[in-house]
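So, here come the structures, one by one.
In the two complexes below, chain A is the common chain; its partner is chain B in one and chain C in the other.
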Partner chain A sequence: MSYKIAVCSGKGGTGKTTVAVNLFSTIQTKWTKNVQLIDCDVEEPNDLLFFKDAKVINRSIVNQLVPVIDESQCTFCGKCEEYCEFNAISIIPSVKYASVDPNMCHSCGACLHACKFGAIQEHQHPIGELTSFSRGNQMDILEGSLKIGSPMQTKIIKDLKANACDESDILIYDAPPGTSCPVVETVSAADFVILVTEPTPFGLYDLRLTVDLMKEMQKDFGIVVNKAGMGDREVYAYIKEEDIELLAEIPFNREYAGQYAQGKLLSDVPPLIEQEYLKLAIYLKNRMSHD
Partner chain B sequence: MKTIITATGKGEEKLFDLRFGRAAWFCIYDDATDNMEFFENKHVDAPSGAGGKVVEEVVELGVSRVISGDFGPKAKDLLEKFDIQMVILKDDRKTIKEIVENFKS
Partner chain C sequence: MIEITILSGKGGTGKTGITAAFASLAKNTVFADIDVDAPDLHLILKPEIKEENQFLGARIATIDRQVCTNCGLCKKECRFDAIHYRAEGGLEVNPFECEGCRLCERICPVQAISSEHSTNNHWFVSNTRFGSMLHAKMGPGEENSGKLVTTVRKNAKEKAREENADFLLNDGPPGVGCSAIASLTGVDKVILVTEPSKSGFHDAVRLIELVQKFNIPLYAVINKYDINTEIAKQMESFFLTQGIQLLGKIPFDEDMVNAIVNQKSIIEYRPDSEIARKIKEMWNKVTEPIEEIK
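Now for the complex of A and B:
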């Protein structure tokens, strides 16, 4: 079994991708090649931007089951529409119109149950794809991407988790921002969660929400403060008050931020920053041996 | 011909509502009878798909024209499908009465 680490944040732009990509690279160069990075931010996957040497080794389509209404069998009773929590079904009896919007359907199957006339059948509907990339190692990076307009992030994330390399020692899930369903889906399988925050009121506000979520999900977690040195000290007061482990503090470095914008996240990493990732990797190694 | 105008409340003195699927009320005006009626939007708090649900009602009521501030992509597709004319008006300081008077003349 692989040890699964999710990198989350609540607030967007705190540095989930930065931490996930750097942690992956640190583990791979300093600890084990047996690590896979999984980009679960399926609406905007961007881990790949930082690995210019990665080559596609496999690509597969992710499908969702979507009901299709056969208007010749439909009595336009409207039962399916009533059952649909997502307003994905439109029935207009006066003009004999019955249709399902695949971009609103969540594949719950309630409409199939509602229809007593056998007018509804499910069809495969493509909603995105999974791509695996190699940098010389078969298992390196797995990425999910969702088609624009589809609400089914969780389906892609489920498939990502099912397709992750079982033989990896470590899986790193780069989670989407926020605290809603896609984050819950990503975190649900994790053995440990790294919460990335920034020392600003915005970072703190969303960190509180994410900490509450972790507690509700009964997950083990620790915090990485990114862009340390900017903002204020409130985030540290909160971490102390809640007695949460501060795993690493990555100093804000304008030059390095400029490098990031050019996609050069992994070259010329400032020594002070490199040291923090090493500290994080060592922490995880210790944790894994104890868990 | 029946026209639906999105309204912020019930009554011809109420202001025009710029939202379609999330409009508070609807005014249905029939120019054949010069009759004006109001009904509340029961989809105003729908978590998703409010626009589509409103279009269903619009079609059932036999309306040929809708006046609102804008139409979402899903509502637009359905309205087009049923050949219902969409009129976009950007002025939310106008009352329902003013709008009706405007297209009467």
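Now for the complex of A and C:
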């Protein structure tokens, strides 16, 4: 079994991807090659931008089952429409119209149970892709991407988790931002969660929401403060008050921010920053041996 | 009334800081924070809540173990694997996994399952120093289906009409999913706040694709443009080819963060700064009554 680490942030743009990508690289160069990075931010997968040397080794389509109504069998009774909690079905008896909107459908299957006339059948409908990449001889990065506008984020995340390489020592999940369903889906399987925040009132507010979620889910977690040195000290006061482990502080560095912008996250990492990632990796290693 | 939604694709581009700056310039405007997953605008606008409303979230099923015969049908049929056997016997629903589709409730032969709407979501109507504001708070782990976004927008629109406001300004959600779509449909203008990084560019392209599907006039702001002037230039020419009007470029400045720390907009915090001047210019461009001829 792999040890699973999820990297989350309540708010977007706190540097969640930066932390996930750097941690992955630190572990790979300093600890074990047997680590996989899984980009679960399926609406906006970005991890790959930082690995120019990565080659696609496999690409597969993710489908969802969407019901299709056979109008020649349908009596337009409207029962399926009533059963659909997601408003995906519209039936207009007067004009003998029946249709399912794949962009609203959650593939729950309730309408199949509603129809007593055998008028509904399910078909595969593509909602996104899984792509695995390699930077040497192993599959070390896995990315999921969702078709624009599809509500099926969690389906892709489930497939990502199912396709992760179970032989890896460590799996790093780069979670979507926020605290809603897709985050829960990503974090649910994790042994440990890293919450990335920034020392500003925005960062703190969203951190609180994420901490609440972690507590509700009974997850072990710790905090990484990114862009340290900017903003104020409130985040630190909160971390102390809540008795949460401060795992690392990544100092803000204007030049490095420019490098990040360029996609050059992993070359010429300033020593002060490199040191913090090493600290984080060592912490995780200790944790793993205790868990 | 003109409704404007501010989006960023990727988080952390400084969207809310810029929205707050626009808020302090806007006259006769209603504000809505429709980034319901991680709402931050209230930290600067400091709303005084006038009205609190419950938003009925997705349903969650529960099994009445007194009635349940353990036939296992619900567990077998639930497509989300949300129903599990308990160590101490009987079945239970994991509320985090349940999508609220009610299939189990409908097929249970002995009606042992019921479902209730989650009551963890709220939305508010408030006063701020710049005008009325609508915002929301979502419970942790709730489904962000865009319905709450739609509710907040609908009520914000009503409020704006009631006040005879000239503008409704929405601070939008990140991403390109259903909440982003819910924040777009039927708005008059969209402002895209980006930053010049590869990932920022990548996300901006995805978002532009989405907005263009809805045929909404799109404006762009490049924030922190001097973090990487090369990518900023690429973005500029991309916007040009897409017919997107660039409202302006804002340099990186720690004062943007300092303003937030002081719970102020940059306009309030550094009224005479270069950034404040630029943002004023941008707001004027967006609100110009006559569309620019270009």
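By definition in this document, the second predicted complex is superposed on the first by the 290 of 291 C-alpha atoms of A that agree within 3 Å, B and C clash if a C-alpha of one lies under 4 Å from a C-alpha of the other, contacts with A are read in each partner's own complex, and residues count from 1 in each chain.
FYI, a residue touches a chain if its C-beta (ideal position, glycine included) is under 8 Å from a C-beta of that chain, and two chains touch if they have at least 3 such contacts.
In this text the structure is predicted, and so the values were computed from the model without any measurement.
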Exercise for review: In the overlay, answer first, second, both or neither for which of chain B and chain C A:Val95 touches.
Suggested key: first
Exercise for review: Return first, second, both or neither, reflecting whether A:Asn34 touches chain B, chain C, both chains, or no partner chain.
Suggested key: neither
Point to revise | Contacts of A:Phe86 with chain B and chain C, given as first, second, both or neither | key: both
Review point. In this superposed model, does chain C or chain B come into contact with more residues of chain A?
Key: C
Exercise for review: Pick one for A:Gly263: touches chain B only (first), chain C only (second), both, or neither.
Suggested key: second
**Study point:** First, second, both or neither for A:Ser134, with chain B first and chain C second
**Key:** neither
Study note, to complete from the structure: Intersected contact list for chain A, partners chain B and chain C 85-86, 151
Practice item. Going by the contact rule at the top, pick out the chain C residues touching chain A in the complex. Key: 8-13, 16, 37-38, 40, 43, 58-59, 77, 79-80, 96-97, 99-103, 106-107, 138, 140-146, 174-178, 181, 195-200, 202-203, 206, 209-210, 227-228, 230-231, 252, 254, 257-258, 260-261, 263
Review point. Touching chain C in the complex: which residues of chain A?
Key: 10-15, 17, 43-44, 46, 49, 83, 85-86, 106-110, 113-114, 146, 148-151, 153, 176-181, 183-184, 188, 200-202, 205-206, 209, 212-213, 216-217, 230-232, 254, 257-258, 260-263
Review point. Quick one: in the complex, what on chain A touches chain B?
Key: 85-88, 90-95, 97, 101, 103-104, 151
Review point. Can you name the residues of chain B that touch chain A in the complex?
Key: 43, 46-50, 52-53, 55-56, 59-60, 62, 74, 78, 82
